[in-house]
Amino acid sequence: QDKEDIVIGGSIPLTGVFAFAGVAIEAGIQDYLKILNEQGGIDGRQVRLAYEDTGYQVDQSVAVFNKLTSQNENMHLYYGDSTAFSRTINPELIRRNAMIMAGASFASEINDPENFPYQFIAGPDYSEMFSILLEYIAKEKPGARIVTVNSDSEFGRDPIESTRARAAELGLEIVEEIITPPGAVDVSTEVLKLRRARPDYTLFHGYILAPLPEFMTQAKQLGLETKFMGTFWSMDSSIWADVGEVADGFMGVMPYRYYYDEEDAPMLDRIREMRPEYQATGYMQGFLTAMLMTEAAKRTLEAGNELTAENLKASLNTIEDFDTGGIIGVPISVPGNTVPVGRIYQYDAADKRMEPVSDWISLQE
Amino acid sequence: MSDLLFFIEVSLAGLGSGALLSLTALAFVLIYKATRVINLAVGETLMMGGYFFFALAAGMSLPVWVAIPLAIAGGGLIGAIVERGIIRRMLGESPISVFMVTVGLGSVLVGLVEFIWGTDPRSLPDFMGSAPIFLGEVYVSRKIAISFVVAAVVIAIFLVLFRYWRGGVALRATATDQAAAYSCGINVPGVFSLAWIIGCGTAAGAGMLLGQIGGIAPTMGAFGLSALVVVIVGGLDSVAGALIAGLFIGLVEAWTGTYLGGEYKLVFTFGILILMLMIRPYGLFGTTEIERL
Amino acid sequence: MRAPMKPASLEVAGLSLSFGGLKAINDVSFSVEPGSITALIGPNGAGKTSMFNCISGFYKPQRGAIRFDGEDVSRTHPPERARMGFARTFQNIALFRGMTVLDNIKLGRHAHMKTNIFQALAYFGTAAREEMELRAEVERDIIDFLEINHIRHMPVASLSYGLQKRVELARALAMRPRILLLDEPVAGMNREETEDMARFILDVKEEWGTTILMVEHDMGMVMDISDHVVVLNFGQVIASGLPHEVQENPQVVEAYLGSGDPAALMKRLAEEAA
Amino acid sequence: MAADTILSVENIEVVYNKTIQVLRGLSLTVERGKVVTLLGSNGAGKSTTLKAISSLLSLEDGAVTAGSITFDGKAIADDTPHGLVRRGLFHVMEGRRIFEDLTVEENLTAATFALSGRGVKPTSFDVVYGYFPRLYERRHGRAGYLSGGEQQMLAIGRALIAQPKLILLDEPSLGLSPILVEEIFGIIARINRETGVSMLLVEQNAAVAFAVAHYGYIMETGKIVLDGPTERLVSDQDVREFYLGMSGGEGARSYRDVKHYKRRKRWLS
Amino acid sequence: MRIATANETYLADEALLSTRTQWAWMGVLALVLIAAPFVLNNYWLYLACLVAINVASATGLNILTGYTGLVSLGQGAFMAVGAYTVAWLEANVGTPFFVNLVAGGALAALVGVFVGIPSLRVKGLYLAIATIGASIILQFFFVNWSSVTGGSRGINVAPATFFGTQLTTYFQLYWLFVPIAALMVLGAANLFRTRVGRAFIAIRDRDISAEVLGIPLLRYKLLSFAISSFYAGVAGGMWAYFFRSVSPESFTIVESIFYLAAVIVGGMGSILGGVIGAAFMTLVPEILRFGVEIASPYVSNAATLLSPIRTVAFGGLIIAFLVLEPQGLAEIVQRIRRFFHLWPFKK
């Protein structure tokens, strides 16, 4: 039999600080592959995920990559778990010219087809997320006062500079930039700063949950009238479920639909059929990533080309007005390394759900 | 709002978190005083305290006032197990070996927490309420204020104990020379156990307070590192030093965080640490080691 | 046997050292003749070890001078003094417990060796040559001399107290001493072992021509082998002279020697009991 | 065994690190109220014997592998080291082992733990200061800065506070000036006389040990080779030669005359 | 018991390998190392390179901590200095890799000396804590000195080039890393045959008396820091060529703990110990990975247990070795050697 499986390799954080995402991502990828394979796979070839846990540590991610590549012949697609890994493995990807990679990192740095020719992001990068947030704010409240709160990590610092520029363009005023040391829990002094700045919007980035609830609690106690917003990794409704009343009204940018979204979406129906219980945002990310990757592979094979990284990436960039089955509410294109689309959702503590408060905002002209 | 008022608020918040540092530092001091061991796993024991409370109050839905003492006891139990199982076998080994053992212990505890509770951060059932406290116009976070009071009371108790109770002498005697302490009729294993149990119990208590403020996660052990700075500045064997240095570091962190930016907090505190080691190696109140030829 | 060196003289002039309020050494002056054995005795806490620490440079006296062969060395650091020819043993044995006897002895030569870090990393060449010379010399002049051939490869921690004291002496000898400071060389030894050590000390003086300054509480040995005795009390010199002169000095008897006779003690005890 | 035996050691063997055997069937007894001395050359195992009696061996990875030790009528096998102290056995260890970081007074306080659970009235520290006035002067200073002699006084002072029935003294004369040796041995004898406490005394300075002891043992490489009342020991030829340094006739021989030849002890041959 | 070998010359008595059996073993080892890259697959070659890097760094730390008794939790930070230097030189100067590695080592050594200054006043645990402080301060510079370090994103590193060939595969890097690591280990072993090494040990055993015996304390303590961080710097440089990207998050305090653990598990104050400790600690997680793979059909979500198990095993190993085998693996090796020495056919 010459129709061998196509393998998606995966350095996935099933444990460590990012485990909650990794577990969901793995499920998302697997489910999409199941759907795809049921439909006959790609060109009659089945697609299979070969992955291992990395604990969200770069050296482990690299080790897993090396292990999987030496064990699997037909690995043409890869899922990586962190910005540091994406960066570290980049030269090796270029050297091998055998696979394209996407992953859990939305780092702006990766959105650079020149330096990261064989990687992409199945959504907007962090700067683009902030752009989406700022566009929303500019529309809701022109000239609004904004405070950004970022964690002192690579993740947290990613969009700071681009945000400054974008806010200026949109006529928004950044009145304070707060940076918290990584792992800080006591944020009282930061809250005091916030009180002094009196912003209309407070934008968090570089956190998953903590210390956002404490921030919001104290701000509420102080009677601050500010709206709190976050980015993709803070947007899962299940992590907010435990926080309670304080979480009500938290907003943020989300590139995908939620599991429970009611708008018409055949893929969501399918997912709910396969998995009767709630699936986190990471699931959608994994699902869409797998969809885009395999689409690229499909287009490459259909064009009669070999599955090299170069060909795969070229095929990926041919994706235009592509229907994701409702995972994203509008047809998408991948002209470069990202899919710069998103929507603002807001948390409703009573329903324990994120509700859409805007239309889909696309940064593509 | 006036700058002065802002400064006072920031300083009060600093003192509040400083008190938590003091309490954690106290856990270092208690264990060091009796066993000459710098227990680098204090941070992780603190984390365990948070998770115990979580398991009892959220998992088993016990009332808070039952869960708190039980979680502290759980911390003590860790201390007891570690002391009986590991530290006691290492009597007479170099302090550095024992130090490294506690580093390993920290890793084991983190692994266990990830094993049992996973890596997701959690929030603790609230037992402090959240109505803010205003001292005149000055705002103080309720949780921080409560933590401050608790830490102050606990430290005061230990200060009094060490002043008037001859057990303090036993602790220090054991630390200086175990064989000689035995030969004076001091129950050396008892002193070891006691120090570890109380030290780890204190850490667990601090963990619950900290968890109230910022939730719990397997990474919260990093707080122990700041507390380490506190004990070095205050003196490894001084309860009063832990108190004063804790408040001091808390203030420094608040000021640098506010006026320079959060990213400067750690550099500043560790800068102070190194400076301190250069000028007064044994801290503000620590006992200098006697070195004679 | 190695060629004797030119013996060195040592002079302590007006030396004072205090710790906080405590005057451990108070304006002490004495001198040690080249090639002699001088004993420094005195009650516990009189400042003898502190004096040794000043001479070897470990303590910095507040006042006074230490002259070695007429040259003031008070400003030099311990390692420099080691290079000049100061060598010592310690009251509480200070051997390096993680090393073998041979390495301990070789270590004594440190200050006189030249291998630098790069030569050390490469080893072959200069470093190897120097090490071999040292080894040959140590074997010939020290290990044989002190009769410690059988233990040369043993870790010092496993040796008995008496042998450890002997290894300390060996290490001091490896320092090419021109003046040897011995701090209680026979403390904790019984009569037989003391006799052996006394013999070595005399041999070092005679065959190596080393000047020796010794602190010791064993009066039997001190009075037998030393040429000159200096007595300290409360950080001050209260007497000095030939052994028998000092022995009869009433002040010394009162502060330090006591009856000096176990028989007298026995008698006194018997009387008290009665 | 006589009824007034406070300590009896029978055929004990001690092994360090599970490999090095140090004591090979050593036996000795101490009668109540008596001072017994144990002599022997370096490394013979004297300190080891004392540590075996006070159960401190385990701290140095040593163990009693055979034989038995009875203190005050009861085997010590089940006692913890501190339990033994509280039963009235106090070990003044080799090298003083005072608590350097504590003050003189705190060192004495530490010794009061020996009285726990015994229901005896604590001794006033003045008793110690009475015997050793120099300690009184330095009672608030850190003990680590005391001179050797003062530290030895403190070590003995701690034993006094503990009100023991038996004191094990390991080389109390080590590093002390002649007059202090006399003084301290005088005090040891006085303490023995005034309080009736029994003592087992390990010494290198045989002459003074014989001055205070009623009975003596001489050990060599882990075994007792000679024992007897002091009067008998001091007249033994080998003891005179090897421990008291008297060659044949009267008085000690001079160190200058000692030559490099190895003499042999009778008890070894 | 081993009977003392009666060597005829002092030279033979002081040689590193004194018996024919030892030479034979060394020969076997060399052959294995030469044959390995032709036999191993890419993954194992990757691990072999990683072991070489870790051996170099652990051996350096062993000089400082195992032999000189100065506990350092800064080895990771020193490696970072080396790695950044190499990355910067590659990006801005383009000097040959060998020069870069030496420069990385040298700069790390310089920083090491600086960090070592507190050892003038403090030792033991206090020093260990000072090194934690120093690495946190270094970390701050890595994050904030963006113009040189690339800030929190770090820098990418061009591959090492050797006579025009880019060393990009693990097969190629193996031939670079293993000889360098071997040379460094040999250097360390040599060190302890000379006065420099002896001085280090003396400082570890009792520093104040070492001074009186003629060893300038500060100079030697700093020298030890310098050598140790030089080793770390070179190892960090190799790391940079290996992972080809350096960021502040590459070298955390956990890395430093890893190296200290490697030295402890291997055996403090034993060159052999540093080497096998580093190899062992690098390979244990991989062995656990295979263990989990085997268990995965029987245990549900075995994959998610891997990381906690590793974390526990990492700490557990440190504890177990310190409690049960304080001399480390080196001692176990010695014991095995002694055992075989009793065999009928010895050398």
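Note that the chains are named A, B, C, D and E in the order they appear, and that numbering of residues resets to 1 at the start of each chain.
To be clear about the criterion, contacts are C-beta pairs under 8 Å (C-beta built on N, C-alpha and C of every residue); 3 or more make two chains touch, one makes a residue touch a chain.
Per UniProt, the chains are B, E = Branched-chain amino acid ABC transporter permease; C, D = ABC transporter ATP-binding protein.
For clarity, every value in this text was computed on a predicted model and none was experimentally measured.
Each step here moves to a touching chain, and the least such steps from subunit B to subunit C number 1. Shared contact partners of subunit A and subunit E, listed by label, are B.
Taking the mean Cα position of each chain as its centre, A sits at the greatest distance from subunit C. Measuring from the averaged C-alpha position of subunit C to that of subunit D gives a distance of 28 Å. Averaged Cα coordinates give subunit A a centre that lies 38 Å from the centre of subunit B.
Per-chain CA centroids place subunit C at a distance of 41 Å from subunit E. Rounded to whole angstrom units, the spacing between the C-alpha centres of subunit A and subunit D is 76.
Among the residues of subunit D, those touching two or more other chains are numbered 145.
Residue positions 15-16, 19, 152 of subunit A are each in touch with at least two other chains.
Residues of subunit B found to touch two or more other chains are 114, 263, 266, 292-293. Pairwise chain contacts present here: A-B, A-E, B-C, B-D, B-E, C-D, C-E [touch as defined]. The residues of subunit C lying in touch with subunit B in their complex are 49, 53, 58, 90-92, 94. For subunit C in complex with subunit E, the touching residues are 56-58, 77-79, 82-83, 88, 90, 94-99, 103, 106-113, 115-117, 119-123, 127-128, 130-132, 135-136, 139, 153, 171, 175.
The touching residues of subunit E, counted against subunit B in their complex, run 71, 117-118, 121-122, 124-126, 128-130, 132-134, 136-137, 140, 143-144, 208-209, 212, 257, 260-261, 264, 305, 307-319, 322-323, 326. Of all residues in subunit A, only 14-16, 19, 23, 52-55, 58-60, 62-63, 66-67, 69-71, 83-84, 87-88, 90-92, 95, 109, 152-154, 157 touch subunit E in the complex they form. Across the complex, subunit A is touched by residues 41-43, 46-47, 50, 143, 151-154, 156, 159, 168, 170, 243-245, 247-250, 285-286, 289, 301, 303-308, 310 of subunit E.
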